[in-house]
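After the structure tokens below, expect a handful of questions from me.
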Amino acid sequence: MDGELILALSGVTCRYPDAPRDSLVGVSLEVRAGEFHAVLGPNGSGKTTLVRAALGLVRRVAGRAEILGRPARDWSRRELARVVGVLPQREDNLFPQRVRETVLLGRYPHLSLLGGMGANDRAAVERALVACDAADLADRWLWSLSGGEYQRVRLARALAQEPRLLVLDEPTTSLDLRHEMELFELVRALVDAHGLAALMITHHVNLAARFADQVLILAEGRAVARGRPADVLTGETAAAVFQWPVVISAFEGRPQMIPLRKKENRP
Amino acid sequence: MRRWSVRTHLAGLLALALAACTRGERAPAGGGRTVTDDAGRPVALAAPARRIVSLSPSFTEILFAVGAGDRLVGRTAWCDYPPAALAVPSVGDGMPPNVEAVAARRPDLVLLYRSGPNATAAQQLERLGIRTVLFDLNRLEDLGPAARRLGVLTGRRAAGDSLARAMDSLVSQGPESPTPGPKSLVFIVWDNPPIVIGAGSYLDQLAGLAGARNVFHDIRTPSAQVSIETIAARQPDFIAVLSDTAARPPYADRPEWRVVAAVRQGRFLFLPGRLFGRPGPRAAEAVRELRRRLETAP
Amino acid sequence: MKYVVLAGAALATLAAALLVGPANLPLADLLGSPIVWQLRLPRAVLAFLVGGALGVAGTSLQALVRNPLADPFLLGLSGGAGLGAVAAIALHVPGPWALPLAAFVGAVGAMALVYRLGLVGGGELDPRILLLGGVAVGALAGAITTAIVSLAEATELRNAFLWLWGGFSGASWTTVFVILAYAPLPLGVLVAAARPLDLLALGEEPAQYLGADVRRLKQLVYLAASLLTAAAVAVAGVIGFVGLVVPHVCRLVWGRLHRTLLPTAFLTGGILLAAADTLARTVVAPRELPVGIVTALLGVPVFAFLLRRWTVS
């Protein structure tokens, strides 16, 4: 059963101002409700640009980007924030704040200019905290959280927006094994239980292959492969994209990428 | 003239620290042409000064008063009395002194009133080999010693001493005759923020000698910033303004200034700058003029 | 509860400003006295309004440039105002409004110049360039001002600097009404921007993803905060530290959400400046200190205390 089409990119090409080359060339993507998509690729392959283009933050030179059937450019930032919840790579924390305060920020797209926080806003915050297993963190200071806890809180904030689509940009980069697994499990659970769509940019190819329904592999701004991990993640593709020899081994029906050591060192 | 006086008072405000330094000896040391100026420096001239640049209208007047006006070769733009001084070339407004213009007049003596910028200029002139003297010039009692020492430096000792005696006696005497019920006044030199004259200034002394009372006599410095309310609270009978015309100051029409009774009633004393703008040998005349205006004012 | 204390402090400060003064008025005469109505009351109200404006401007600017050490006068406005004032005096522009109007024009000119410098293509403002540009424009204006002062002969120029150091001695009802007519617009813009400013603290990109139109936000906040500051300088000279310290104090007590922070910053700034003005009038009576000096003397120890708390936490 196909879920509703949330995000549709078709032949998108973009270039940053004053950049010598296009950052994305003719990339297409369709994300539906209830699907977990992963975007893979080496550094500089255009993964973050893909997200920005999808959400109208970067000018498109060619192609279309639509969210819920409407062009991305037609969405105001507030409207978009009610539909898409994003965890960008970097975030500042200028002033000390508590967890509940920062999750509350996720309700801002729903608040009117003059209105205040209502009971349903506070309920949405509580639900988001519970869903991310962060309810017991609610009164802690942000600066006192561990890396894994911090990411769960940020995810709770995105959930408080009550979005249809979650976009996560390399959310596990500095997390240890346990927290990384927990995050992937959490996103999978949210997609399965609440019918959300998820788009995750990640370097962790193997976890993406185990958890995601679809992967998109980018190299130098182009889409090299798109589809189910088992179909798309082959040894040749991976070696060509990541420029390192690998072998693919299956685990629970999912391809797992194992990089080889340099030939000279092999016995 | 008004502006010169205002500058003096602001310069005096800044030079408070200097004024606290010890003063030089007043009497000339022994015979010959040696005096100690108010910066504590001994100034010795081999011969009476022949080419003098005066950087203060007060000194210009004193020079002419002791009969050494013909030795003046440079003056400031403000030096306009006596009329003979106008024939002497100007070396600028003197704030700060233009060292090159002064040196171009090839003086053997330069007269400056004591202040921070003038001390620096004096140093620069000394480096060029030009003798300088720094005299205090805030209050009337500074005039006598200045006259005396200028008499020594110009070889007009008798005239200098005589002028000094006249100035000293003016200061030490009280008002010529007691006034029936002293009137009070305030000297306002600026309106935003309000700046008034205090006891450190010769204007305060002129008022006292004319039988009037400066309502801000309790302020030790030559000038100070106060609020309109303070002026109103002290209820001066008159507002003294240094001005060559009788035009009402622009602030007199503003509602907040009209809380001051004297402003409301238009009781202004317009004191011409040429007589009141600086302390000088004509101080007695200034006192008489002020007294006359006070008595004839409605 | 904290709000009650704040409101109480505001009333108490205003009352003190009305009761205290060199004129020693008996309580019974207070209501009828022209000294109270024409001098103390407009002065207290003006000090309160200017302090409030500076408090709000400082809070918004710290959020905009994402730097807790920003002060409204970092953006070159004081230099521009000084240049305007000095130019007006050197050119002998007549009229009682010449000085404030020229200072305002100078400040707005500086604002426009810094804005132009801060544009980095596509109408996007870079807050870091705003700060650097502000320092540069302020220095340039200061240099031109010094040149004018050294070349021109008018003594009034020296007095212009006294005015520029900050003071409410010229306060009048007209000035109060001008500020009351002018300030609500920029204040309204900033209060409306309160929630987007909360988001901006996360960074420009995260703020956009949470629904803030960051491009327009930066433009509006910069213009509104600068216009408030320009009016404050035009009316009262350069009064430092209020815009820097008040936001920090308020954040300590009320947290960082701007919906609460901006109104409390207004009240706190008003209280601080009205109190400072009362002190300036009374501490060296019968003389007066320029208010800018009192706020600096009060502000520096408070600021040092805040810095310690900051680094400790």
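Labels for the chains are A, B and C, by order of writing; each one numbers its residues from 1.
By definition in this document, a contact is a pair of C-beta atoms (placed from the backbone, for glycine too) under 8 Å apart; a residue touches a chain by one contact, two chains touch by 3 or more.
Owing to the predicted nature of the structure, the values given are computational and were not obtained by experimental measurement.
Asker: Quick one: do these chains touch in a line, a ring, a star, all-to-all (complete), or other?
Answerer: Contact pattern: an open line, chains touching in sequence.
Asker: State the pair of chains with the top count of C-beta pairs in contact.
Answerer: Greatest count of contact pairs is found between chains B-C.
Asker: CA centre of chain B versus CA centre of chain C: separation in Å?
Answerer: Chain centres of chain B and chain C, defined by C-alpha means, are spaced 40 Å apart.
Asker: As a quick test, compute the distance in whole Å between the mean CA positions of chain A and chain C.
Answerer: Taking the mean C-alpha position of each chain, the two centres sit 44 Å apart.
Asker: Nearest whole angstrom, what separates the Cα centre of chain A from the Cα centre of chain B?
Answerer: Spacing between the chain centres: roughly 81 Å.
Asker: Where in chain C do residues touch at least two different other chains?
Answerer: none
Asker: Once bound in the complex, which stretches of chain C touch chain A?
Answerer: 66, 68, 121-122, 192, 195, 198-199, 201-203, 205-206, 208-213, 251, 255-257, 313
Asker: Taking the complex as given, what residues does chain B use to touch chain C?
Answerer: For chain B paired with chain C, touching residues are 3-4, 6-7, 10, 93, 190-195, 216, 218-219, 224-230, 232-234, 250-251, 254-256, 258-259.
Asker: Give every residue of chain A touching chain C within the complex, in rising order.
Answerer: Within the complex, chain A contacts chain C at residues 17, 55, 57, 76-78, 80-82, 84-86, 88, 90-97, 101, 105-106, 108-109, 111, 113, 161.
Asker: Which part of chain C faces chain B closely enough to touch in the complex?
Answerer: 21-24, 34-35, 38-40, 42, 95-96, 99, 153-156, 158-159, 162-163, 167, 169-173, 281, 285-290
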